[in-house]
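Presented below are the structures under discussion, each in the form of structure tokens.
In the two assemblies presented below, chain A is common to both, partnered first by chain B and then by chain C.
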Partner chain A sequence: MANTLIDGLKERISKAITINQSVGIILPGNNYSDLVQALFEHIISRPEDAWVYVTITKPYENLIKQFGDLSDARNIKFIDCISRAAGISKADPNCIFIESPTMLEKLGLEIINIFKEVDENTDKYLILDSLSTLIIYNDPEIVTEFFYHLENKTRARNIHTISLAIEEEGADKYLNKLIYLNDKILKVRDSFI
Partner chain B sequence: MGEPFKKIESGEHIVWITQPNEVETLLKRREIAFNVAKGKLADSKGNAETVMQTAEAFGRGLSAEYIKKKSDGWTIKKWIKPAVENIFNPMGIAATFTKITEDEAKSLIFRCQLHEESNEPQVASVFTYGFLRGMLLSAFPNGELIMGSTMAQGAPMIEFTFKANASDKDRFERERIKNFFTDDIKKPEE
Partner chain C sequence: MVEKDLCTTGIEELDIQIGGGIPTGSTILMVGSSGSGKTTLGMQFLINGAKQGERGVFFTITEPLFKLTKNMEGFKFYDKKLIESGMVNLIDLRIISERLGLDTEKYTVEDAAALLDVLKDIADELNVKRLIIDSITALCYRLQTKEMIRDFIFKLGASLAAMKCTTFLTSEVPPRVFQYSQYGIEEFIADGIIFLGDVERKGDLIRTFQVIKMRGTAHSRSKFAMSISSKNGVELAPLLKSKE
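Moving on, here comes the complex of A and B:
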């Protein structure tokens, strides 16, 4: 069942992100593991593309442990916004650690700096995991402003973006506003896969 | 809050993040208690109540040993600091507290070795719920622990609300959690 789900997700993500500049994925919390697994498998299957994975939800170390070792993959770089805030100080050459999930300006700069190193003809993709977690740590107005700027910068540089939003009961009104800034919205529901 | 947390501020928005700093003795004790719970689960042919009871006893024991009783009585705000400093952090639990008041605290655990490294995430969930509940009820006999999302079901974080005073609905939470995981807990082979 899990494999069917992951394959279904991979197919949907692959189609959506090829056609659209920015894709927002709204998912129930319980589908998070399947979705991240699908994203990682998709990244591995596209070694010719350049990917940046921003994690605010889980520490980089735990993502790698849980979803497979991408630390040696050449086509992906990570930005971890949560480990340092929790005093987790392990270093890794494939990951940039940001001191706090509130340092959004620095996050924006690091994203653009990584893509500056990438060849012009290479397809570029950014994954933001997730908007809902950013709202846990930041004033929603500040996250809105950050996301507007990020979308403008990435569009100008032809970087495709995938933004996750984990649904909860009584979802934050800001989250709905933010996720609909994307060109395409994927709503993950078991029955649609 | 003091040192066991890092305070994160964005405008008027404030949260607190624990500062995990693993201590081998506590990790070992948790491992032993978890193995005892799993053994009892096997002996009882998959009865989740045995895991819950073992975990609650473990939590009460930790509370008696590591959380000194306040002479002027507990509030959640007073209790959470020694609980994080002496138990959460040494167990390597990384969590964000999104609310800490006199009556209630809300936490999102985003790193928990027991869940992430166990082959039995459902048993780990019942055990974690049970031991935190045992700790909480040692200080707040009328309180209750409410569990939201959990890693065992695929969520990225485990959500807990620590309440000093349970509502009528909250009093069913222990049974709800036990029943919720009972079907998922593998029955030992006959």
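Moving on, here comes the complex of A and C:
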């Protein structure tokens, strides 16, 4: 069941992000791990692309532990916005740690700085995990403003974005407003496969 | 159209916001409380200049040289070779004052004139195009009257401008207070004011950067978030409109 779900997710994500500049994925909390696994499997299958994964949901270390293959992947860089705030002080050359998920301007700078180092002809992708957790740590208005800026900046640099929104969390009113800024929305339901 | 002679800071977003750079020969007051990033920004400005072939000098009054260099070694922009080659000169102003016999609590008019001459001579002999005094507040503390402060900064600025040397004077102010200087004089003589402050967001302090005044430029007065990292030094991004 889980494998079928992950395969289904991979296929939908792959199609959506190839055609669209920005994709929003709305998912129930209980499908979160499946979706992240599908994303990582997709990333590993595309070694020629450059990916940046921003985690506000789980510490980088946890993601690496959970999805071991990632430690060898050279086409992905991480930005972890929650470990430092949680008192986790480990360093890793493949991950930039931001002091707090409230430092949104710094997050924006670090995303663009990573992509500046990527060859112009390489396809570039950004994953924001997730909008709903950003809203937990910040006022929804400021997250909205941040996301507008981020979408504009990434579009200008031809960076594709995938933004996750976990349905059970956060203020739905703001989440809906944010997620619909994307060119394409994928709604994950157990029943969709 | 006359092309302006501009001194690029090397901090991309700042140079954009002031139309390419600071007018060469300007005296800029860089205002901020402790930990706001004045010294780092000043040093980055100096080192970026040296990388473009402009010699610079950093006069420190607030911390010993070994501490200053130790703190800077963590930054990727810092290049020890520029110090060794004399492109960037670091001078402890307290040692110069001692050598001049200026070890009194307060300077007389003659003492101030002697110090001014030494600063001008050093800038002239080294042929520097960028100069930092960190901090002008500590220096002004030794000047007895507002007139002396005004006279000192005015003469220093005028002499350095004649040498086409762009100067940063750091000004220490208390945290979360919107004032430009300790003595209320410095900002009126300076050609430009850069204010380094902070805003609180959910209990975290976000560093901010704002150009208040920059004579000769059509600059932005928007507030920016300022990031300081070992990899990129000072970087600016438009500040999100947080509830202050």
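Here is the rule we use: the second predicted complex is superposed on the first by the 189 of 193 C-alpha atoms of A that agree within 3 Å, B and C clash if a C-alpha of one lies under 4 Å from a C-alpha of the other, contacts with A are read in each partner's own complex, and residues count from 1 in each chain.
Just so it is clear, a residue touches a chain if its C-beta (ideal position, glycine included) is under 8 Å from a C-beta of that chain, and two chains touch if they have at least 3 such contacts.
Remember, predicted model here, so these are calculated numbers, not experimental data.
By the touch criterion defined above, A:F146 lies against chain C but remains apart from chain B after alignment on the C-alpha atoms of chain A. In the superposition on chain A, A:N30 makes contact with chain B only, while chain C stays out of contact range. In the overlay built on the shared chain, the residue A:D7 is in contact with neither chain B nor chain C.
Within the superposed three-chain model, A:S100 lies in touch with chain B and with chain C [touch as defined at top].
By the touch criterion defined above, A:G87 reaches chain B but does not reach chain C. Looking at the shared chain after the overlay, A:Y137 reaches both chain B and chain C. In the superposition on chain A, contact is made by A:Q66 with chain B only, not with chain C.
The partner of chain A that touches more of its residues, comparing chain B with chain C, is B. For the contact definition in use here, the residues of chain A common to its chain B contact set and its chain C contact set are 100, 102, 137-139, 141-142.
The touching residues of chain A, when paired with chain C in their complex, are 99-100, 102-106, 108-109, 113, 137-139, 141-142, 145-146, 149. Across the interface of their complex, chain A is touched by residues 201-204, 206, 225, 227, 231-232, 235, 237-243 of chain C. Contact residues of chain B toward chain A in the complex are 6, 8-13, 15, 17-21, 94, 96, 98, 108, 110-111, 116-117, 149, 153-157. Those residues of chain A whose C-beta lies close enough to touch chain B in the complex are 29-34, 57-59, 62, 65-66, 82, 85-88, 100-102, 136-142, 166, 168.
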